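Each of the next two complexes has subunit A plus one other chain: subunit B in the first, subunit C in the second.
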Partner chain A sequence: MKRHFDADLDDLRGSLLRMGGLCEEMVQSAVKVVIERDESRLAAVQEWERQVNALHIEIDDVCLRLIALHQPAAGDLRLIAAAIKINSDLERVGDQAVNIAETGVYLCKEPKIKLGDIPRMVQVAVGMLKDSLDAFARGNVDLAREVIKRDDEEDRLKSQTFNELVYLMQSDASAIQRGMGIILIARNLERIADHATNIAEDVIFMVLGKDIRHSADPHPASGMEGADAKLKEG
Partner chain B sequence: MRPMSLPAESSATPKAMPIAMSVRDLRASYGAASVLKDVNLEVRERTVTAIIGPSGCGKSTLIRCLNRMHEAIPGATCDGDILLGDRNALALDPVLLRREVGMVFQRPNPFPTMTIAQNVAAGLVLNGVCDHAVLAETVEKSLRRAALWDEVKDKLDAPGVGLSGGQQQRLCIARALAVEPRVLLLDEPCSALDPIATGRIEELLLQIKDQLTVVIVTHNMQQAARVSEYTVFMLMGEMVEYGLTRQMFTKPTDKRTEDYITGRFG
Partner chain C sequence: MKRHFDADLDDLRGSLLRMGGLCEEMVQSAVKVVIERDESRLAAVQEWERQVNALHIEIDDVCLRLIALHQPAAGDLRLIAAAIKINSDLERVGDQAVNIAETGVYLCKEPKIKLGDIPRMVQVAVGMLKDSLDAFARGNVDLAREVIKRDDEEDRLKSQTFNELVYLMQSDASAIQRGMGIILIARNLERIADHATNIAEDVIFMVLGKDIRHSADPHPASGMEGADAKLKEG
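For the complex of A and B:
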């Protein structure tokens, strides 16, 4: 039996996917500021952020209204609970994209610097974000698990980038500010991958009712710790 | 059909209590119409178990079998095992059984010719208790347990039917509690009550469950979710799912349960 409530839930899914699409575009544009040194894209990223923030509030409002009016249970409840968390993760993805674009604008004004594994990190993070949203749209648990596995690669790339940049900064003091900029961007991308991982975990919970968070340690010692250690050694 | 196993124990589940009542291969019918089909259920002591399901699924018949009110209906039959602790309920005197397994109905039904105090004391008087001090003490204790004492302590001699609907229902609960039952059966006790009166009854159930076992039939799924530790979902005379309420309302194992509690049923 099709319920009116189902139409509301479809609208909720649609709003989240629209927000996810905006976030994907934000990340893609933000990294172009860095990789293509195209600072003109900052304005678009900032405009999208306003839209994402508006959706953040709107989706939370819809979720609260659905809970209050329908007292959802079982799969409906899990969908709404997942939507609230995914909404929050996407808003943070938007923030990370703005940070990347703003750091990118600073870097555009400075001499070029080695980007390390940033281009590959972009590929992995954007791919994870896109696939986590696809998994949400289709309720695809296999794809969600696949996304979670990829987070390790992003962590590894971030550590590698940190190490390269630390080495560069140690040998060229004039590169410290720019190097720190790249490290921040690597950190932003790694956080985007973490948010995609959270979304994938929420999809598994939404579909199976199984909470896999913290079930194993998916995040080995972070690259930042490695970099800190190197700086101390240095 | 084999017994519906109790929810698995784990660190996430409440501490398992002993079994207060159990039902094995229970079948019930009204004339030729079969209403319960091989129901198996174990109700844990000092917990609230909610029975949910669409109209006509047999949930009221099931609890009426537990204190043998079903068989009092002409043409109604019941077959299988019903145990109260380890005693065969079907071999006990029904009147004595009902002292241990009390019942509260959908519509409040205080005795119309009796005062509030007389209503509460009716069960004891029927069982031969006539000591006024004992009766007065029991009336106060039962009304306090039913969270009604403060509202009626100054008018114990007023007619029970003069109370509001919600107060009348708590009076009926006090009457049932007065004979110190081990199990209290409630058949949609809040369906005729407003949300405030319903809230009071629910609070009351949460308070008394430390002292006795409660089985409640309800059409209000939020009520089942709020007050019970265990939930039974019935459909067309069969017990489809029995589990921890918190699991049933977040992650039911049977699609029919999911469809029912999410309103997709039909």
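For the complex of A and C:
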């Protein structure tokens, strides 16, 4: 029974990592719509979303069945609880990727516009996502902590992009709609980094049984106050 | 033992409803910063956020302990699983309220600007949140379904606000930053409605044991394509 349960937990880990891999692909392809102006990528992103949504339902189902059948305690239970949460974070990463691709398709039909720090934001967000899942697979708390630290850089890049685009929009009204598109994409990427941060926090809880959320407020507000202060400086 | 467990489940329901009540208060006060230009509300929103964050950790902890102690099956297990998810949705509603209040404080320092459909969006979002929690408390599937339907109206109001503000920004460059603020708040409210939708879906799963997520794509993408199409029409 116990050995069977261990195999089931391995399968669960495997499904989540597969789902995470699909989400990474989705983000990478979605930003190619924007950066390479390649509309054709949208179809693949949408197809992957269907797969991610199917995995989302399946993994939730597996988690509940494992709890009901095996009545796990302590570490095993924390693993399953972490899986339930990571599952929902990954599903939302997929949604963000779809939003990026769709805004990208709009931008492809319009004249080129400045991308601000979008390319760098993609690197940071995808790196955080990859490493948070790696930390989950290996139960690596140090790596999880390191992911959480990187979230500040993503927030900084988002504010910078926001400022740069608002400045452009103020000097060129014809760029307002496109500028809004870039700002929305920057927010989507920031949110993907937030989901990676959530996953990293769940890994720490899973391994140590210690809840670190809300301790140092790892999700600084994304209201306007920061961007505004910077704009007034510049 | 069973009777004790039932009392524990009642406590869990009670904690979630208390947390939900705080979140409603947070959203109501946060929009007062915007609509009534009353900066002084920010402090209360921030204080409630601390309470919501404490409840978030406590409720997760209770859920795991209940599973470990009572090894629940079927309906009870689905209730606890729903509680874990609703808990995380409510915590995020609180974050959105803080963002609204902070953007509101920025707007208070600037000349007045059009609010688009923000007042109506607040009514819809808070109504959905209230009713989704009511559906949870009473296991009311019909009410939950009705909440899910209302999400379309919130999306429509958001697109309308987006269009109205972009139009204003195009004709008045000095309104760009403030206009962005209103658009961000509209997105915050749309997201609160999404969380209420998630809660309603969890209620249906909890009661019927049936997963309705992703069936009719209850979360239409919030990329730019819709807003854009409308702008071109108008």
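The rule we apply is simple: the second predicted complex is superposed on the first by the 217 of 234 C-alpha atoms of A that agree within 3 Å, B and C clash if a C-alpha of one lies under 4 Å from a C-alpha of the other, contacts with A are read in each partner's own complex, and residues count from 1 in each chain.
By our rule, a contact is a pair of C-beta atoms (placed from the backbone, for glycine too) under 8 Å apart; a residue touches a chain by one contact, two chains touch by 3 or more.
Just so you know, these numbers come straight off a predicted model, no measurement behind them.
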(request) Identify the partner contact of A:Ala173: answer first if only subunit B is touched, second if only subunit C is, both if each is, neither if none is. (result) second
(request) For A:Asp8, select first, second, both or neither according to whether it touches subunit B, subunit C, the two together, or no partner. (result) neither
(message) In the overlaid three-chain picture, which partner chain does A:Gly75 touch, first (subunit B) or second (subunit C), both, or neither?
(response) first
(request) Tell me which partner A:Val98 touches in the superposition: subunit B (first), subunit C (second), both or neither. (result) second
(request) Could you let me know whether more residues of subunit A are touched by subunit B or by subunit C? (result) C
(message) Between subunit B and subunit C, whom does A:His214 touch in the aligned arrangement: first, second, both, or neither?
(response) second
(request) Based on the superposed arrangement, let me know which partner A:Glu190 touches: subunit B (first), subunit C (second), both, or neither? (result) neither
(request) Could you tell me if A:Lys85 is touching subunit B, subunit C, both of them or neither one (first, second, both, neither)? (result) second
(request) Would you sort A:Glu39 into first (subunit B), second (subunit C), both or neither based on which partner it touches? (result) neither
(request) Scan A:Asp60 for contacts with subunit B and subunit C and give back first, second, both or neither. (result) second
(request) Would you please give the residues of subunit A that touch subunit B in one complex and also touch subunit C in the other complex? (result) 71-74, 77-78
(request) Give every residue of subunit B touching subunit A within the complex, in rising order. (result) 221-222, 225, 249-252, 257-258, 261-266
(message) Can you tell me which positions in subunit A touch subunit B when the two form their complex?
(response) 1, 3, 5, 71-78, 209
(request) Could you please specify the touching residues of subunit C with respect to subunit A in the complex? (result) 53-54, 56-57, 60-61, 63-64, 67-68, 71-74, 77-78, 81, 84-85, 88, 95, 98-103, 105-106, 166, 169-171, 173, 176-177, 180-181, 183-184, 187, 211, 213-214, 219, 221-225, 228, 231
